[in-house]
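Below: a set of structures, written as structure tokens.
Two complexes are shown next, each including chain A; its partner changes from chain B in the first to chain C in the second.
For the complex of A and B:
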């Protein structure tokens, strides 16, 4: 609860601050808080990923992007009425969706009844890996992880092509 | 680029341990939290830390961009190649039991290790290559 309150405060800060360097630092802190929430929820693997990717790499990448742009957000020219309506509608729909969710931590829900008991009971026997997250990720759900790796591959190649192509077509300028 | 001496020395001291921690996360992923993805990110973070402290050119000498870019498809190939290997050994795609005919559990271990290695290579390569691409644009 404390963590979620802090995250809400930081979100307000990210919205209000115009200095983009501060925004990047705040979003890094936000990721660390998210990682702490994951640890509280006993999802250490996810927490590790969030801390290293969300707080580490993306902060650095955002900073290196910041180096290429201005460090102050420009004041919006139009009134933010339409975005506010869209955001409120999306929030209302999400809140409406949560009404149908089972109680938090309920063991008798559908997702915990399908294949999860088999994984938990047989992981050690079938794969010899004590960390069930790893055995599910790499063995039982190997196809999904292959797809995930392919997504990273595709995204990386796409970003590289975008950054390269621009440089080839235009002359290198300092204020890119 | 003249930077703080303390930062430089600390970075030089930290780099091997960061890499060691990445390998620990990679190979201990069977027993504790972690795996190829996290290890790849940590390894990439080491290269980025080095590049931030010492400048882009020394980092590019240590880890050439061509290698980082070659790692992106290489990891996917290791992953998919493991699947093809299990098919050639007469089982389904990514069914690691076929990797060791005497003990399915050993086959699983080997398969998971190879697959996580593929994830590590792709993730680390992508992160470093994207960082180089961003950092190299400003000058």
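For the complex of A and C:
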């Protein structure tokens, strides 16, 4: 609960600060807090991934982009009224939706009734992996993971194409 | 008493909604593209929270099988969110590469300046 409150405070900081360097550092802190919350919620694998990928790689990527561009945000000219209305309407609808959600942390809710008990009961004899997250990721839902790697591969190719074109286009200008 | 109970039951959801709405607000209101991408990742991480929260069972342990435990939290949301985090960083890298290219081509990453340049016909 404390962690979640801290996350909300960090978010206010991200919205308000105009120095983009500060925003990126705050989002790194935010990712670490998110990882801690995941540990509290028993999702240790997710926490490790979030700490390394969310707080590590994302921050490094954003800092390198700030190095290549500029790190100061200009004051927005448009009024914040319309975005505030949109955000408030979305929040109101979501809040209305939470009223019907099942209570926190109970074993009898619908989430725990479908395939998860099967995974937990049969993982050891069907795959031989004690970590159920790993067995579901690599064995039961292996095709999903294959699709995921396809997405990452495509994104990697796209980034390479974008940045290679950049080097070509900047070379003549530096030579001239 | 019922009010306090309700707050504790839904605290995760409310923080999650706050994070999501802040992300949405940044994406709509802020013109800077790096800030927009930070807002998008805020939005995304709030979805991680909404997935992981119902998977938790009070008194349960992380889903790593051992004879000492009988109650485990639900592993399925964890798997889905692992995939989502990794895909999220891939799309973030793509977005940042686009920002770098836009900065190269137009000399700005502010939406307002880009629109102004476009109206000049440059």
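The definition used in the following text is that the second predicted complex is superposed on the first by the 164 of 176 C-alpha atoms of A that agree within 3 Å, B and C clash if a C-alpha of one lies under 4 Å from a C-alpha of the other, contacts with A are read in each partner's own complex, and residues count from 1 in each chain.
By our rule, a residue touches a chain if its C-beta (ideal position, glycine included) is under 8 Å from a C-beta of that chain, and two chains touch if they have at least 3 such contacts.
Predicted model, so just to flag it, every value in this text is computed and none were measured.
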| item | value |
| --- | --- |
| Touched chain A residues, chain B compared with chain C | C |
| First, second, both or neither for A:143, with chain B first and chain C second | first |
| Chain B versus chain C as contact partner of A:37, first or second or both or neither | second |
| First, second, both or neither for A:60, with chain B first and chain C second | first |
| First (chain B), second (chain C), both or neither touched by A:4 | second |
| Touched partner set for A:164, first chain B, second chain C, both or neither | first |
| First (chain B), second (chain C), both or neither touched by A:25 | neither |
| Contacts of A:126 with chain B and chain C, given as first, second, both or neither | first |
| Chain B/chain C common contact set on chain A | 44-45, 49, 53, 57, 61, 65, 68, 130-131, 133, 137, 145, 148, 152, 155-156, 159, 163 |
| Parts of chain B lying in touch with chain A, wherever the complex brings them together | 25, 29-38, 41-42, 44-45, 48, 52, 69, 72-73, 75-76, 79-80, 83, 93-94, 96, 104-106, 108-109, 111-112, 115-116, 118-119, 122-123, 125-127, 129-131, 133-135, 137-139 |
| Chain A residues touching chain B - in the complex, by the definition given at the top | 44-45, 47-49, 52-53, 56-57, 60-61, 64-65, 67-68, 126-131, 133-135, 137-139, 142-143, 145-146, 148-150, 152-153, 155-157, 159-160, 163-164, 167, 174, 176 |
| Residue ranges of chain A in contact with chain C within the complex | 1, 4-5, 7-8, 11-12, 14-15, 20, 23-24, 27, 30-31, 34, 37-38, 41-46, 49-50, 53-54, 57-58, 61-62, 65-66, 68-70, 73-74, 76-78, 80, 82-84, 86-88, 90-91, 94-95, 98, 101-107, 109, 111-112, 115-116, 119-120, 123-124, 130-133, 136-137, 141, 144-145, 148, 151-152, 155-156, 158-159, 162-163, 165-166, 169-170 |
| Contacting residues of chain C [partner chain A, same complex] | 8-15, 17-22, 24-26, 28-32, 34-35, 37-39, 41-42, 45, 48-49, 52-58, 60-66, 71-79, 81-83, 85-94, 96-101, 103-104, 109-110, 112-113 |
